[in-house]
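Next come two complexes, and both contain subunit A; in the first it sits with subunit B, in the second with subunit C.
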Partner chain A sequence: MVQTIRNILVGVQVWPFAITGFVAIAGAFIALIGAFASSLDVMEFGKAAAGFGAMGFFGWLLFLIALRSPRPEGKKMTALLEVKDLQVRVEDREILHGLSLTVNPGEVHAIMGPNGSGKSTLSHVIAGKPGYEVTGGQILFRGEDLLEMAPDERAAKGVFLAFQYPVEIPGVATMNFLRTALNAQRKARGESEYSTPDFLKKVREVAKSLNIPQDMLKRGVNVGFSGGEKKRNEILQMALFEPSLCILDEMDSGLDIDALRIAADGVNALRSPERAMVVITHYQRLLNYIVPDYVHVMAKGRVVKSGDKHLALELEAAGYAPFEHAA
Partner chain B sequence: MVAVQETVERVRRIDVDQYRYGFETLIESEKAPKGLSEDIVRFISEKKNEPAWMLEWRLEAYRRWLTMTEPTWARVNYPKIDYQDLYYYAAPKPKKTLSSIDEIDPEILKTYEKLGIPLREVAILEGVEPPPGGEPSEQRKIAVDAIFDSVSVATTFQKELKKAGVIFMPISEAIREHPELVRKYLGSVVPTSDNFFATLNSAVFSDGSFVYVPPGVRCPMELSTYFRINERNTGQFERTLIIADKGSYVSYLEGCTAPQRDENQLHAAVVELVALDDAEIKYSTVQNWYPGNSEGKGGIYNFVTKRGDCRGDHSKISWTQVETGSAITWKYPSCILRGDNSRGEFYSIAISNGYQQVDSGTKMIHLGKNTSSRIISKGIAAGKSQNTYRGLVTAHRKATGARNYTACDSLLIGDKCGAHTVPYVEAKNSSATFEHEATTSKISEDVLFYCVQRGLSQEEAVGLVVNGFVKDVLQQLPMEFAVEAQKLISISLEGSVG
Partner chain C sequence: MNLVLSKTDPGRAVGNVFVKANGRLPGAGSVADIRARAFDAYKRVGLPHRRIEEWRYTDLRALMRHVLPLAPQPDAAALARARAAVAQAAVEKGAIEGAAKLVLVDGLFAPNLSDIAELGQSVNVRTLREVLDDPANEGRGDLLLTATTDAVISLNAAMVTDGVVITVTDGTELSRPIQIVHVATTSSASSFTRSHLRLGKGAQAAVVESFVAAEGARNHQANDAVIVSVGEAANLAHLHVLADGADATNISSGLFALGASAKLKLFSMICGGAVSRYQAFITLAGEGAELSVNGINLLRDKQHGDTTLVVNHAVPHCTSRANFRAAVDDRGHSVFQGRIIVRPDAQKTDGRMMTRALLLSDEAEADNKPELEIFADDVTCGHGAASGALDETLLFYLRARGLSGKEAQALLVQAFLGEAIEEIADGRLREFVIVLAERWLEARG
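Up next, the complex of A and B:
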């Protein structure tokens, strides 16, 4: 609601300036004519109009400045992703026991935690993978109920999950897959499909920046790709689809040092004030490349501690043991 | 679990009830009386103005058939067929004698238009315009023989083929015009005594296509036959005979559809191919007979005998089939590798959904020296269907150096369907090398979710995965038909139109 009003105001911001500005200048002009014509009435009217216009002009300016200035800790802003007290079961076993997480546009959150603590489960539930039963809590995406949406609908709205274990699709050329997926998303959003030359140009650009050779794109999706190549292919898709929420599940596993830097650069290039990232990792090293705004520690299906990037260093030194007790 | 469940539900609902070719053409037709007897065989022969030897041939087959019993070894179930409750001959009543395609009953022309079959001689590929004032380019032309119930209604491009020396005409005409060729080759690959359905076909076949490619000629265009069953309670028994003389080449494609009806209809065709020295025949089928509705009611019983004889040295026969239709498919396109260094190939995509039953495969009989064969079979089972690959590879004593490679892959969608692989391998000499690989997999939930996460709908994801699965075989089809076949596969599994 607030968001909408704000959009409307910002959208028409030029007009109040134009109108009030015009009134102020016209008023001043009339006042001047009044002065020359020694007509007190005209001069008074002009002065009043000029004053009125100038007040409106500067008032509007102040209002806009107030609107745009950073507010304390993003309280009034609608979060991009809000996970509230999420409880999830898999085959009659509860895996997430009341997990909460709020991610605002532009932020980078890192999630760390021991094996089996539920990190991938969280990412799967956000993306809508079948087989998980949500028994409590909710997930909002830009204020909308995400759990009500089909997974392809979530993708079209801008939820992207880079998988911990990307699958192989034999017989489906990567290029063909990328194009089918991108056009499906665009179609779902009511946008026009990419023309072939535009699409090829875009893919080539992105592939080049990620050091992905062209002939890899001709092969079946992930078929025979090395572990690192598969991960790079995930980042490629992320760059291509331009999602607003990127969840990266252990993108650093299986990458050598150079590949890690290239992939991290690829991710950093996508950082923007509108886009948020959730980076799941076991290693502090990745966070040297992709510097997070927040770090959360997950243990036994809950977030047990949150902090800034220094928390990752603490973890590196002390391990998870202190936090597991907390859970 | 949930994803696949949903997909399966959706697939079940859409596929079979969504048969797009199920309309019926209202047209007057001429039928033989119901049932089968010597008189009916004579009636058919007379209708076709056949010479005496042909009638004799039919009668012999008929008498033989009376002594045979229906085979039961295939993994298919169906109620007993009452062979006396069928019509064995139906032909659209001609309004007058035809001298050009424009005189064909407009209802029939409309039917083929609806089916997308070009009976007028035009380039068929959409978006490919012939150069202004020029002829359509050679590769784009496809000669069509259209068979409506029991008779051929039109054969296109005859003049141009004649120039090249290629004979392409309804077999009923060939019996009259080229008796020496027909007598020599008819029944030489599939003898009249071969099997129950082939023998029945020999007695009552009504029409089909005949092709002869003279020595050294590369047939200048794709040949194709389009079969359409329209009449109710009518069996369709067509007979195709293709002869590639020394050093010649021909590529041939058949397509089939039928109206949607509650009762089952019988289709028992015989196809014979003969390749002489250095000749090559490429035979492709896109079979889309009506499969029955989602409750398993109606649909075509497709009992077909197809066999190719690599009679000459260095000859080659290759079968490619995309089977998506029919309630029951019983079909084993085979190669007899008689000539030394001859080669047989079988590429198959068989899709079953709803209550369809498919029992299909091939036989590669290695008789000559250094013969080779290759079998690539892709079976996809969805719904409550059963999909069996049945294959036989044999090398006889004299077939030294015989080689075969077989790969059978099955993909299951859901858990109420079944896929079965029944390979028989028999080598009577020690120099034969036979390789066999088989896999059965379920369509992976993880793969589907991956696609859906990237924005594809559930149906699009299934279509994509399946098309990837069958790609090796799809590539074997002539380019124009590969596109069609790909669409057909998507439709038979997802119902996305177009």
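Up next, the complex of A and C:
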């Protein structure tokens, strides 16, 4: 019983309970004294007050239980992202079988694994790409069921996927696209739209820091961009939309060492205590530039080992084979 | 043998219409003979149907059933409603900046609704009616003659009640666009109009033609023809917009002849009406002429929209570019037929034609039929056609960036149409088309 209440209370703000509890108990106490002290006329008031008092007491009890409950992951009330026992199917093939992952604000997680281990599937399911059937498990984003949301709702909530292969959209100018997307997100959150000068100023600043020339912004989205330029355009969007969860899907694929450094610098500039990142990669190399707090190894659709950044170096030395065996 | 001379219902219905209308049609004597001959030519076929190749996808017998009686001459109340309709259309669908309007109400020119005086001395505007009624004008009957054998154009010659005859003198550069506006104010009636436009040597003009249904005007049929001659080194931007009432049937024909080094930028837009067909017959008749034809069909519900082009390269060293786009939603049906004909002498012809259709629902239909008929041996010609749905990968990318499903679709449809719309060189005309396209997308909801 107490355990069930604890489970419910995790993630619920308990301070309101406590305050109402104290106020109501105090109120009931004063009313009771008043009722005893004076005539029967105030008896009804006294009963009502006692009722409030009882409710308040119950609230206070809940508060005490909650206070004594252990918090998951230390101080934080709710994880930013919680993937629980996720099972995903594409057509007839199960790709993820029981994957779990918890990411808190400010953390950088690297997910490594061989081809076909389900890394990209995970990123697609989190972003809401159609064509994947979730057959079991949950994805919670700040405690909310992410799987119930459309991809654009997820984006507005702060989920951002940097695509492994950013698409080309001829006829849609990059600037127009950026402004439409940013304002759509802001509108969904009930925020005011950016004014044009503010928007332009912001885009120019970010573009400059990422070495993206102005004329690229006038072209169709990603049309005629090199691999490196496309990836930088993804990071530009990330900087502009200010998401709280960034998933970088194989950011290093197709990049030479200089392009990789520029992209990684862009990502590092966005690290903050409020923002978490999930970096999906094949190679340890990227993690020299974006240093993770945690490293998870995926094989055959689940996380088979988790550790700190040293795990990546182990992998580099030993390869994925031992882990595939373990799975 | 029992031979039955079958005369179809459509033929008979229009026969009555013609007989009834006869007293109201301008031009006696030789003009009446030409009308009678034109009607005979029409009657041999009746309303075009699917067994006539040019009308294969737009079977007027099935879509129109019959020709409605001629709309009555508009009275003061009808003219007032027409005036209100023009004003309302400007608010709802946008207006062309600075345009001088020439308004035809139920097939008759309405001088009080028109801005003739504002066009200046270098443009001569007369009504077709006054030209046909002028017995001193020997060649007046020629205004009803065309080189085509198309049945609806023959019917137009027989039944036409009015139109405008515009002549732009040599070297004149018109600063204001001319907009011919057709207004229908009556229900279950038809109108037949024909206009002529002649651009003198080196002249420049932008001419728009559009159609409006006044409030309460239901189920009307319009048959319009515009005959255009673009003189040597003249430059014409022409926009034809069919955004007619929801239950209107509109068959519009444009016949163009381009002189040496003349330029024509033609844009056709269909985004209204129940049954619409715009057919353009363009002859590049002078060396060095340049043609650019672009168009978009935006269709929804059960709308049927057909754009048919025949580009005739009659002489050498001409270029033509055609780029056509259709976005079809619900159970809409879009048709594009395009034919490039290269005559034996027309060496060094450079002709391209491309058509793409975007199907926005499972029940939408698009028929694309580009054709080449080449009789010369030293030419560069090509055509292509494609149709399909919106790319799911692009849609997901946009949605992952926060755009709703509808917003993402609208952005992609805009981009798709943009390639054709961007070809409209005149900013005033382009803006008009962009607004119409945006309104269409917004109405998708």
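We take it that the second predicted complex is superposed on the first by the 252 of 327 C-alpha atoms of A that agree within 3 Å, B and C clash if a C-alpha of one lies under 4 Å from a C-alpha of the other, contacts with A are read in each partner's own complex, and residues count from 1 in each chain.
The rule is short, and it goes like this: contacts are C-beta pairs under 8 Å (C-beta built on N, C-alpha and C of every residue); 3 or more make two chains touch, one makes a residue touch a chain.
The shown structure was predicted, so the numbers you read here are calculated from the model rather than taken from an experiment.
Annotation: superposed three-chain arrangement on subunit A; subunit B versus subunit C shows a clash. Contacts of A:Ala156 after superposition: both subunit B and subunit C are touched.
Of the two partner chains placed around the shared chain by superposition, neither subunit B nor subunit C is touched by A:Leu146.
By the touch criterion defined above, A:Gln185 lies against subunit B and subunit C together after alignment on the C-alpha atoms of chain A.
By the touch criterion defined above, A:Ala127 reaches both subunit B and subunit C. Legend: residue contacts after superposition of the two complexes on their common chain; A:Cys246 is shown touching neither subunit B nor subunit C. When the two structures are aligned on the shared chain, A:Ala312 is found in touch with neither subunit B nor subunit C.
Look at A:Leu99: by the touch rule set out above, it reaches neither subunit B nor subunit C. Of the two partner chains placed by the overlay, neither subunit B nor subunit C lies in contact with A:Ile30.
Contacts of subunit A with subunit B, set against its contacts with subunit C after fitting on chain A, overlap at residues 127-130, 150-152, 155-156, 160-161, 163, 166-167, 169-172, 177, 180-182, 184-185, 188, 220, 237, 241. On subunit C, the positions that touch subunit A within their shared complex are 392-394, 396-405, 407-408, 411-412, 414-416, 418-419. Listed in rising order, the residues of subunit A touching subunit C in the complex are 127-130, 150-152, 154-156, 160-161, 163, 166-167, 169-172, 177, 180-182, 184-185, 188, 220, 237, 241.
Per the touch definition, subunit A reaches subunit B in the complex via residues 127-131, 150-152, 155-156, 160-161, 163, 166-172, 177, 180-182, 184-185, 188, 220, 237, 241.
Those residues of subunit B that touch subunit A in the shared complex are 1-3, 6, 444-447, 449-458, 460, 464-465, 467-472.
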